[in-house]
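Multiple structures are listed underneath, in structure tokens.
Each of the two complexes below includes chain A, the first together with chain B, the second together with chain C.
Take a look at the complex of A and B:
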């Protein structure tokens, strides 16, 4: 009996000590109100050799009544020799712990891409609190301008940049989304090149445009894709299913809304023959806008006109990639994956790619003219 | 049976001895009946004997029958005659409501108990919308009657025991001979014989005395007041324990999933009951992990949930002085006090208590910046979902487990919460109820599990 009492007593004392330990304020118990959330990170290149990086952190300041006052943002900016140094210095500029758990957008200034962006990418990958599902993009004229932009359509409590990318908000054929993990893969892997969306701050930072994209190849050369090429890229990688196509024909002009698109391709390399990439594009849609009276009986003709236009556009885009030695679609990866390894596939592809001939088959089917006649 | 083989002297001695034992009791009646040359003596305790029945059964026939040996054969053929074994046994039965009759040189004992507790009450602990509305009474005989009324099978067996070395309460062990699991029955009987408690007043008390552990958290026997549940479990081969004077039974063995079943599940439509079952498990998880999850999400892993949620929690915590787990603990304790108070308070006062408590919990705590708005929602959700668990004992146990999860969540965040959940799962799988695995998941058909083979 005495022994049992002793045991209970001991358990009670231990519980009490543990309990008091928990209440100690020095225990590093960092509550959510002692943290400040970094929503997006921007890195610009300065021309200063000593401090080449300019780091911008966009922080969200929580407020008691989120609905009325809206989200308030504050920015921390520091130039430094590396990103870690900059962040270490920035920490002292807030009274709270910087929390990178929600830093989901990472923006680079365009200048960064011409320099060694691999080291910067490394930082974001190594930090365990930055999620690798963060979106990566390029800011113009600088990352800072884009981050500090507060678009008029931004609502309280929701970050506009997140909505561009997460497919819950806007969905568009012109937006390229690249995750950090995918960016890394494309940077390190030979045979596929990273592509990033370009965000352009406009009208006194009241608007952000994002309808272009940029491809970087292994030699740090960049190629900016315009709206049409971005849409074609998205189509070819099956990122989107819905897109609009403007068809210019000799006599008719109309716009087609595609709602189902499927693209597949094959690499055909035969000895002593030109390598061929054979691409099949299947599309189903309706006519959305036309400058003439559409005739449902001519749907087949309209479909053919659409196919022709798409074929021309795709061929143009692919040829431009080829000419600039860019490969954002990953033909090289496909080549390596479908051939037995011989440790020379990379070099082989390097020499094959400039000679590749594209054969594009587009099969557009228009289901309706979009009006009842 | 009369006390045979004993001389008249002994019978007289016995009566004197009994009277000696009972002499301080004011309600003892020792009455000789005489008519012509007939004579019997009655000895009983007035307050536990049904006067009307005594009159109808013994006194009236005595005066109507012509001769003493008629009286003797009449009395000896009464169905409620009891066996006479020893003086102690006579004394015990007298206290239970028997009448001792001295006839010639024999002692006869008759059961003419007066029972005031045999009213059948409406279900109050486990109400259902459909299904029987009456529960049990507080009288053992009535309860057995209620069970037998619903389970017509000759194989239904009622074994009687006595428990409590001071109170000598009757305990009935009820089972269906054909389907009961032998091992379980043996285990139950051996534990009953090992009981050494002075007082056993409620069937649910058995639950604690019979689980062979001084400290336990999860119930391994199921207490119920519903006759349909009793019958359902009897048919499933379980053993029912009933103590005289208690309006509830306990069922052994009971596994975890039994406690999550409501009898209504058998009465409703298929998808409707599946949905309510799903709700119940959802409620179980909600009331288990929500407090811990709140602490983990606000203090350790705010990145797990959406950024909007993180910001809104951060916003609503502005001005809250203590860390999140103190906040949670504070609100939970107030909620528990409120629940506890509304159970114990007299019905007239309960309303006031809950209203005042609701006010404090609802708005005042947030106005005073002692707790965040989201915390209030969580406490409310936890409080409601606790009551979704159909069997009371399980919901009490879950209440306690919640604090364990909260403790681990405040030590190690989401990882701690997950670990504690796994730990509790391990504890449950390690447990058994009368030899049946406590957390066994029943993949087989019900018929195969219960061994109920139609023969």
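Take a look at the complex of A and C:
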């Protein structure tokens, strides 16, 4: 009898504990049909002093089945003094809870970069639900145009912008991908400058172009990189291994497909001498296209021509960076990383960088002329 | 030593990656954090070796039994209470840190006190278990979690975004003199072996002696975990950017992306894993604390249906203090007080070595 009483007592205690878990209202769990997912966030700068930010949210419209739905999106747009106020106001414009957990693309209008973009960056980082692995980019003519663009190739259930950046879809030498955390560390660190891809909406917002990029330095100055410079940037930072290079040789013009590339550099500073950056570029590839019959015996000559072309391109790009006091590759960090700190390495580097001389060794090896000679 | 000894050490190493240790170290990044870690490694290993060696001499006995046998009662009582309180604080830090983390990242709409209370509910059951059951729990959970943690760490080292130039930049500060708080925080990673003061009751076999080879193995693991704790957040968040982050490792894990994994955002996997490991750490610390309190506070009359109520009363006190502190502390205060706690802990552990030596002398006499 006593034993049975003990059993009931124990059951009662357990029931009580489970019961208290039920009455706690805390979790605030909302079902998936009460949520609407934000796919990408855009921020444009308006010229209005009082409401400088124009926030655009791209939302995916939930639908019953995959077959009948096209790609359907809806947009929420609000101008406000800060992003969080805008979002608070936008919340009242939908009947569902805005969920930022799947927001993977953040776009800024170019004008934002000329103003205090640090404050905006702060918002995205401080919020816990926005991933720091979301991609950051610059929209042209405005972030709104790019976000509202709906490319024809976009399928139901997939967001074209995600495919651009995610290296599972397109893979291209011309696309720079910058994660939010990467953007942050480049902004905060002196000696490496943030670089962002530029997305251009074209043809009545039916197409998005993504082959240029933009560098911002500490003084909020920007430098736009064209296709070639973007490719060179990607090559120099070892972001890509495959790239195409057009080579103009005296007798034959050809395009080379590089499949392995490796770049390393050294910083040499000696007293009373010009600082030198010595860069080694190793490339292996094949000929992909030529305007006449190629001679396999002359592969070495073709390789040399390739090396020369790449060397010229790299030098041009680096000088361009240097002239504009931009440092997206992070020479400044390398400078600090190879010298003992003395609390003024940053200033030292700033005075050294304009004087740096680039020595570039390119070693391109062409292995084959492709399927035909 | 038996494998359970390693579990005790490993839990301390792993659990503190998310807690305050990296934050304290990164605060000292331009002030000799690296040299402190280098010093902490031999210091921690020596302490670990001493404690293991000491308890090897008394198989199957915890510190309270040994002290009662060889030392006077007026001396034993305050010392044990003090040690028990230290272990209680260690567990408390894990508890509050993790409650804050959960509130921030997993269940933002849930009241903080509720999170702590649910934690406490399970912990209360856990620490009342037998010592051997606690160790079995630890083994099971660790075996489940360690492989995944290992994969995440490998991922962190091999991701393309890991910028070694930042790591090298931080390494340039290697010549700065070590600071005490950084030294104490990094030594704490290695002090898991001290849980033997209670868990030695489980190690009854005489043969299981600690060897130098085993210490070397612990040293390699400790080196790896210290290196990872400190340098991976720098490599992923930038040398100058890392100091303004509240939870360095949480932000670091969010910078990882398993493109084709089941869950793309590593942060959530990481949080759940560390929830498990922190739970273990809390379980171990509070089990030790409870057993220590129990060994000195014995009120025979306090009985209800032939069950002594003392442990339940102690747990009640644990609850009250934890809930009050959770309500009172802010994140910043927590980091600062944790740092103070580590400082005090290092000193008192060195004092504890003195105590061991004293007991050994008495035992020989």
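As a working rule, the second predicted complex is superposed on the first by the 343 of 373 C-alpha atoms of A that agree within 3 Å, B and C clash if a C-alpha of one lies under 4 Å from a C-alpha of the other, contacts with A are read in each partner's own complex, and residues count from 1 in each chain.
Here is the rule we go by: a contact is a pair of C-beta atoms (placed from the backbone, for glycine too) under 8 Å apart; a residue touches a chain by one contact, two chains touch by 3 or more.
All of these numbers come straight from a predicted model, not from anything done at the bench.
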First (chain B), second (chain C), both or neither touched by A:340: second
First (chain B), second (chain C), both or neither touched by A:315: neither
Which of chain B and chain C A:352 touches, first, second, both or neither: neither
First, second, both or neither for A:284, with chain B first and chain C second: neither
Touched partner set for A:131, first chain B, second chain C, both or neither: both
Chain B versus chain C as contact partner of A:162, first or second or both or neither: first
Contacts of A:184 with chain B and chain C, given as first, second, both or neither: second
More chain A residues in contact - chain B or chain C: C
Chain B and chain C contact sites that coincide on chain A, given as residue numbers: 131
Partner chain A, residues of chain C touching it in the complex: 30, 104-105, 107-111, 114, 118, 121, 160-161, 163, 165-166, 168-169, 171-173, 175, 236-241, 244, 251, 254-257, 259-260, 264-265, 267
Chain C partner contacts - residues on chain A that touch it in the complex: 17, 21, 24, 26-28, 128, 131-133, 166-168, 179, 181-182, 184-190, 238-239, 330, 333-334, 336-341
Chain A residues within the chain B interface of the complex: 22-23, 29-33, 35, 37, 39, 60, 62-66, 71, 99, 101-102, 104, 129, 131, 157-159, 162
Touch list for chain B against partner chain A, complex: 297-299, 301-303, 307-308, 310-320, 323-326, 410-411
